[in-house]
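Next come two complexes, and both contain chain A; in the first it sits with chain B, in the second with chain C.
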Partner chain A sequence: MKNRGGQPVVVPAGSPGPTGSGQPAAATKKSLSASIAKFRELGLLAFIVILAVGVQFRNTSFLTWENLNDIATNTAILSILAVGMMLVIITRGIDLSIGATLALSGMIAALTVKEYPGLNPYVAVLLGVGIGIACGAVLGFLVSKINILPIIATLGMMNVFRGLTYEASGGKWVSAHQMPESFKAIATGKVLGINNLIFIAILIYIVAYYFVNHTRTGRQIYAVGSNPESAEVSGIKSGRILWLVYTIMGGLSGLAGVLWVAKFASAQGDTASGYELSVIAACVLGGVSIAGGSGKISGIILGSVLLGILNNALPMIDVSPFWQNWIQGMIILVAVLINAMVKRGIDRNNLMRRRI
Partner chain B sequence: MEPRLLENKKEFSLKGFFMQWEWMLVLLFVAMTIMNVNLSEFYWNFDNLRDATMSFLDKAFIVLPMVFIIILGDIDISVGSIVALSSVIMADLYNHGVPMPLAMVICLAVGTLCGFINGLLIVKFKELSAVIVTLSTMIIYRGIAYILLKDQAAGKFPDWFNFLGWDYVGGIPFILIVFAVFAVGFWYLLHKTTFGRKVYAMGSNITASRFSGIQTDRVKIIVFTLAGLMSAVTALFLTSRMGSTRPNIATGYELDVIAMVVLGGISTSGGKGRMIGAILAIFLIGYLRYGLGLVNVSAQTLLIIIGLLLIFAVAVPQLKRVRSKR
Partner chain C sequence: MSEFILELKGITKTFPGVKALDDVYFKLKPGEIHALMGENGAGKSTFIKVITGVHAPDEGGEMYLDGQPVNFRNPKDAQKAGIAAIYQHVTCYPDLTVTENIFMGHEKIAKGTKRLLWREMHEEAGNLLKELGASFSPKTLMGALSVAEQQIVEIAKALSVNARIIIMDEPTAALTNNESEELYRIAEKLRDQGTSIIFISHRFEDMYRLASKVTVFRDSKYIGTWGVNEISNADLIVAMVGREITQLFPKKEAEIGEELLRVEGLGKTGYFADVSFTLRKGEILGLTGLVGAGRTEVCQAIFGAERADKGKIFYKGQELAVRNPLHAMKQGIGYLPEDRQKQGLVLSWEIGRNITLSSLEKMSKKGHINTRKEWDLAKRLAEKVSVKAKSVFDLASSLSGGNQQKVVFAKLLTADLDILILDEPTKGVDVGAKSAIYEIISDLACSGYGIILVSSEMPEIIGMCDRVAVMREGRITAFMDREGISQEAILRASMADADPQQDQQRWA
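Now for the complex of A and B:
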C-alpha cells in the first residue's frame, strides 16, 4: 500500500473538515478489500484446510492417503476442464456445451474401442481429443466469425452435441464388459507411481501455466478479455484468439470425455449432463472474473480442489445428496458476489490513489 | 416562429413491410405445415391440432416476459428451475393439508419472489452479468426443490385441478384462452405503454436511458419479477397436465423458451424485436415438434433440430449485419 504512508500528510492539508474526517475511515475499508484480493488464494487455501480439519473431526477416514488419492483422481477431470473454461471466461465468454462435448467424444471413443478392441488406447484418446477440437472449432466459428453471443451459441450446440451422442449410440449404453482392458487402463494405469489422470492433469497445468503467462498468444487472451476494442486497435486478431480459446476448450473436453468414460467404464447418452456448472463453479471460486480479463492458474487449481473436497466430504459427513445441488449453487453465488465486492474495493482504491 | 416538425411515422413502404422477419416466420410456418401434412395423414385434423396446442403451450407463458428480458439485452436461464420450485412447493403444501387454492396462490408468490431475487441481484451487482446470476439461482432454486421432495413425486391433486391443463371452454382449450389473454396483455405492455418504450430504450443504450431519467433498476426488477410470475403460471398448467410433480420437472425449459424468443426475431444484443414474432415462433416450434413426433422422429433428433434452429435464427441477422458493414 504505497499511498498509506503519504495519506496523512496530504489529506488533512488539502481537504476541509467534513470530507477530511470521512476519508481515513473509508481508506481503511478500501485497503481491507484490496488485501482480500491480494490474499484470495491464501484465503481459499485456509478455507480448504479448515474444511478438511472440520470433516476430519466428524469422520476420521477423511484424511487418509487412500481417500486423498480418491479426491485427487476425482478432481483431475474437473480441473482439466477448468483450464479451458478459464480461458473462455477470460475472453468474456462462457461455454455451456462442454458436458455435451465430453459425452459425445467419450461415446464415440467408447463405440470405437467396442468395435475394435485391439485398438491402441492412445488412438482412442487422440480420437476423443479430435472430436472435441472439432466441436470446439464449430463453436469458435459461431462466436468469432458470426458474432453469436457465447451463451446462445453454446446453448444451441449443447443440444446438437447431446442429440448426436444419442444418435451415435442409438440410445444404448456402452458398458464395462464391452470395453477392452487396455482402454479402461487409461484411467487406472500409473506413470511414475502417480495415477494417469492426476499425471495428465499436472501436465496440462504446467503447459497451461507456461502458455498463459509466458507466451504472446497467452497474454493476448487476457488483452482481448480486458478490453476487446483496444486489443483490436493494438493489432491483436481477437477473432482468431476467440476461435483458439473455444477450440482449446473443445479439445480439453474431448480429452476429459475419454478419461471420464475410461474411469467410470461406461458411456451413456446423458454422461456429464450439467457438469459444465461444476466447472464454471470451480473457475468462479478460483477468482476468475466473469467480466473477463482476469483469472489465474493457481486460482482454478484451488477452486477445483475445493469443489472436489466438497463433493467427497459431504457424503462422508452424512449430508444428504439432495442438499448438494443447493450447496453448490450457493457457493457459486457467494463466490461471485464476493468477487464483485472485492473488485469494487479495488476500483475504489485505484480511484483514491489517482486523486492523491 | 415555425415549430420544428419531427417526423414520427416512418413512411410506409411495401418492400419494407414484407422484408420483415415476421413474414419469414409466416413463410416458415406455411412450409412447415405443408411438410407436416405430407409426412402424416393425421396432422391436418382439427381435434389433433387443438390437443397438440394444449401440450406445448405451457412454456409459452415464459416466452412473453423473456421477450422483455432479451430486448433488455439480458438473459434468464433460471426459469425452468423456478417452474420446478414453485410446482414442488405447491404440491408439497397441498400434500401437507394446505387447501389447493391457497397452494396455487403460494405457487404464484414463490415464482414471483424467485424472479424478484434474480432482478434484485442483477441490479445490485451490475458488474455481474445476468448469465452468471441466473446460472447460480438456477442451481439454487432446483436445489431447494430437491431438498423438499428428494427424488419423490408429489401429486394426488383434487379432480378440479385437472381443468387447467386438460379442459375446454366452448370447444377452445382453457390454456389457449389464458395464453391469448396474457399474450395480448404483454403485447400491449411492450408496444403501447411507456414501460415498453423504456425497455426498448434500455436495450439500445442503458447509460443513455439512465441519464434521460428512466429508473433503469426498477424496470429491470419488474421485468425479471414478471418472468418469475409467468414461470409460476407455467408451473400451474404443467403440473395440472402432468398430474404430479418432481424436482426434475421442466428441465431444459430455459433453452426452449430462449430458442422461441430468438427465433421470433428478438435480437440477443438487445433493443430489437417484436412480441408477434415470438408468438409466431411458439406455434412454429410447437407444431413442428408435434408433426415430427407423429412420424416418430425421436426426441433426440428433435433436440438437434431445435439447437440448429436456434443457431440459424441468431446467425441470419448477424450475417446480414456483417455484410452491411462491408
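Now for the complex of A and C:
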C-alpha cells in the first residue's frame, strides 16, 4: 500500500521488495481493464454506427425517416421485454416463459375485445398486464419460495401458459376483422407525433432507469445477483426481490402481449413462440452478465437496437434468410466472447495484486 | 453501567451431531483490542456468528451488551446494536461500486420520494475512505480493488453504521506486511476513538502488535484469557495445541525406494509460489498448514485439475507436463479430493458402480461393459478396504462418512497408480473409521505407493508421515523429518513470524 498522508511506512527487511513500486503498475492495469469495460458499450455503439453506414451504402433507403421509424416500432416490443429480462438475469435467473406469457395475455385481451367490441382499449391493456403479472407472480413464487431452479420453473410454466393459450382460444385465431379499430389503434396511434409503441418503450425505459439506479429496491436486485450470501447477511430479503423481478417480467410480457396482438392484428396460439431467446440475446449483446450482478439500461437499449437493425437491414441488402441467422448468431457469440475475455482480464489483474 | 461493553457467559452452540461451541466465556472492554486465537476448527468462526446474530446459541448461555442481557435473532439485530463483522473471506458485491458496498442495507434515501441520495452517499463514503487513508474513489467497482483495499471498504462499512464493536476475522491473512501495517494503524486509530475490536488472527505478529488481551479456544472450548504481556509465546502455543496424541496410528515402516516425483519451483499467480519437494516410493509426505495456505491448489496443479504458471514436475525422472486429470491418472497419479460427496462419489449410485467408474475401459470391449467383471472387481476392492455394507449393490448415500471414504479409496485402487494424493482423507470421519483409513494408507505405503497426505489435523500428520512440508501463504516454510516433527514446530512454521523477538529486530 502506498505511503499515504505522510505516515511513516516501515518496510520490513524480509519483505519481497518494496511494495510501493508494485502499486502504480497495478493501478494502471486497473484503469486499463476498467476502460475496456467502458469501451464495451462504446464499441457496441460504434459497431451499430458502422453497420448502419455500411448498409446505407448498399441500400440508400435504409437511413430514411420511414425506415428508422419502422425499425424503432419493430424493436419497441423486444426492448420492453429486455428490461424485465435484464432484471431477471441480474439475479442470476432466466425466464423462458415470456413468449408464452405474451401469447396468453395477448390472446385473452383479443378474445375479450372480440366479445365486447365497445371496450375501452386501455382496459384491454390493463387486462393483459394483469394476466402477465399473475403469470409472473406464480413463477416468482416457484423460484423464491419453493426454490425451483429458474430455468426449470420457467420451462415448465412456459408449456403450461402455452397450453392455456390454446385452451382459451380453442385452437382458433383471433384475426384482424374480429378486432375493433380502437384496439388495433393501440399500435398505430400516436402521442406527440411518436408512435404509441415507441412512446411506451421510452416511458418504460425512463421508469426502469430510475428504478434500478435510484431506488433502494433497484440496487438490491444487483446485490442479490452479485453475492447472494452476502445479501442475506446484510439483511436483504432476497426471496422478495426474486419474486418481484419475475412479477415485473410477467407484467411487461403481458403488456407486450397486448401490443403485439394489436400491432399484428392477429392473436394465435403460437404467437411469439421462441421470442424469449431473442430477448435473452438482446440482453447478452447489451452486456448483461448471465452470471448475474451486472447489466445496464444503456446496454440493453443498444443490444435491442442492434438486433432490430440486423432484422431490418439484412433483408434490405439481400442477405439470404439462412445467412441472416448465421450472422446474428456469430455477433452474439463474439459479444459473449469479448465479455468473457474482459472479465478474465479483470479477475487476473486482481489476482496479480495478491502478492505471495 | 457495566465495565464491559460485551460479555458472554457459558455460550454453547450445537449443530446436528457436533458441538461447535462448548461453554464459552468472553469479556470485551470499551476501547480494547482483544485477540481471539485457536487452531482451525476451534470454534472461533461459530463464536463470531453467534455474536453477530447469524447463529442463535443454545439455551442456557447469557450475552450482555453494556450490562443488559441481549438476544439477537438475526444479523440485523446485531447491526442495530452496533456490532459489525469483517469476515475472513471478504463478503462484498464485486459488481457494485465502493459506495454501494458501504451503504448496502442502510442506504440513504430521500424522505417521501425514497430516491437514493447518491451524491450524499458518495460524499460520505469518500470521507470515510479519506479518514481511513485510502486513495481510491468511492465510485470504483469493488471487484477492481485489491484484497487490502476491499478490507478497508469493509471497515468503512462498519464505521458507516457507527459500530461500537468491530470483529475482524483474519483480516491480515491475505495482506502483505505493508498492507497489514496500514490495517494496524487503522485499528489503533479506531481503538483510540473508543471502538472495541475483536481480532481473530493466526499471526502472532498481529496479536503482539495490536491486542492487549488474548483469549484462546481449543476444540470448541474456552481455554483462558490472558493479558498479552502476561503470557509467553510458548505457553500460548501450548494453550492452543494442548492435546495429547491419544489416537493410535498403525504406521508400519515401509521400505522407502527410488524417487517417484520431484516438483521444482511450482507456482500459480495468486495462489502459491516456489513450491519444491520430492516424493519417494513407499514414503508418506505430509503437506500441512492453515486452511487457505495453498495446499489443495498445489495438489490440484500436480493432478492437472488446475494449471500452474511456473515450475516443473518430474515423474520418475522424466519431466511431465500434466494436461488434465485423465492424463495424470494414465501416468499413475491419483487424487482423493477433499470433498468426497461432491467430487469423489456419485451418491445416488451403488457402491460397486462408484468403485469402477474411473476404470470402465478396462472392463469393456468395444464400448460394451462386461458387467460380471465389473462387479467382481468392485467386490474384491470393497473387501480389500473393508467397506462395511451388505453388498456392493447398496447405494453410496447409505454409507457413513468413513465408509464412503473407503469406497473412494477403492476407486483409486482400480487404476494403475504409483502416487496417491490424499486431500484431507479423514475429514468428517468418526474416530473408529479414521483408524481404519490410517491402516489403509499405511498398507498402501508398504505396498510401494508414494503418498502425499494433505491434512490440517496435526496428530494425523505426526502419526503418519515420514516427512512433512508446512505451507504458509502459498509457500513452503519448513520441511521436517520424522524425528523433527512436533506440534509446536508445525504451528510455528504455519503461522507468520511466530517469534516476536526476531520480529522486533526485523521491524526496528
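Observations on the structure shown:
Following the convention adopted for this analysis, the second predicted complex is superposed on the first by the 316 of 356 C-alpha atoms of A that agree within 3 Å, B and C clash if a C-alpha of one lies under 4 Å from a C-alpha of the other, contacts with A are read in each partner's own complex, and residues count from 1 in each chain.
The definition used in the following text is that a residue touches a chain if its C-beta (ideal position, glycine included) is under 8 Å from a C-beta of that chain, and two chains touch if they have at least 3 such contacts.
Please read these numbers as outputs of a predicted model, since none were measured by experiment.
Contacts of A:I327 after superposition on the shared chain: chain B is touched, whereas chain C is not.
When the two complexes are overlaid on their common chain A, residue A:S230 makes contact with chain C while staying clear of chain B.
In the superposition on chain A, contact of A:L51 is made with neither chain B nor chain C. Judged by the touch definition given at the top, the superposed model places A:R348 against chain C, while chain B stays out of reach. Within the superposed three-chain model, A:A153 lies in touch with chain B and out of touch with chain C [touch as defined at top]. Applying the stated touch rule to the two superposed structures, the chain B and chain C interfaces on chain A have no residue in common. On the chain A side of its complex with chain B, the touching residues are 94, 142, 146-149, 151-153, 155-160, 162-164, 166-167, 171, 269, 277, 280, 284, 290-291, 320, 322-330, 332-333, 336-337, 340, 343-344.
Chain contact summary for the complex, chain C toward chain A: residues 54, 74-76, 79, 91-96, 100, 104-105, 107, 109, 114-116, 118, 133-135, 141, 143-148, 174, 176-179, 181-182, 185, 269-273, 294, 473-475, 506-507.
Across the complex, chain A is touched by residues 75, 77, 121, 125, 127-129, 131-133, 135-144, 146-147, 150-151, 255, 258-259, 262, 268-269, 298, 300-304, 306-308, 310-311, 314-315, 318-319, 321-322 of chain B.
Those residues of chain A lying in contact with chain C across their complex are 1-2, 4-5, 7, 9-15, 19-20, 26, 30, 33-34, 210, 213-216, 219-220, 222-223, 225-227, 229-231, 233-236, 289, 293-294, 346, 348-356.
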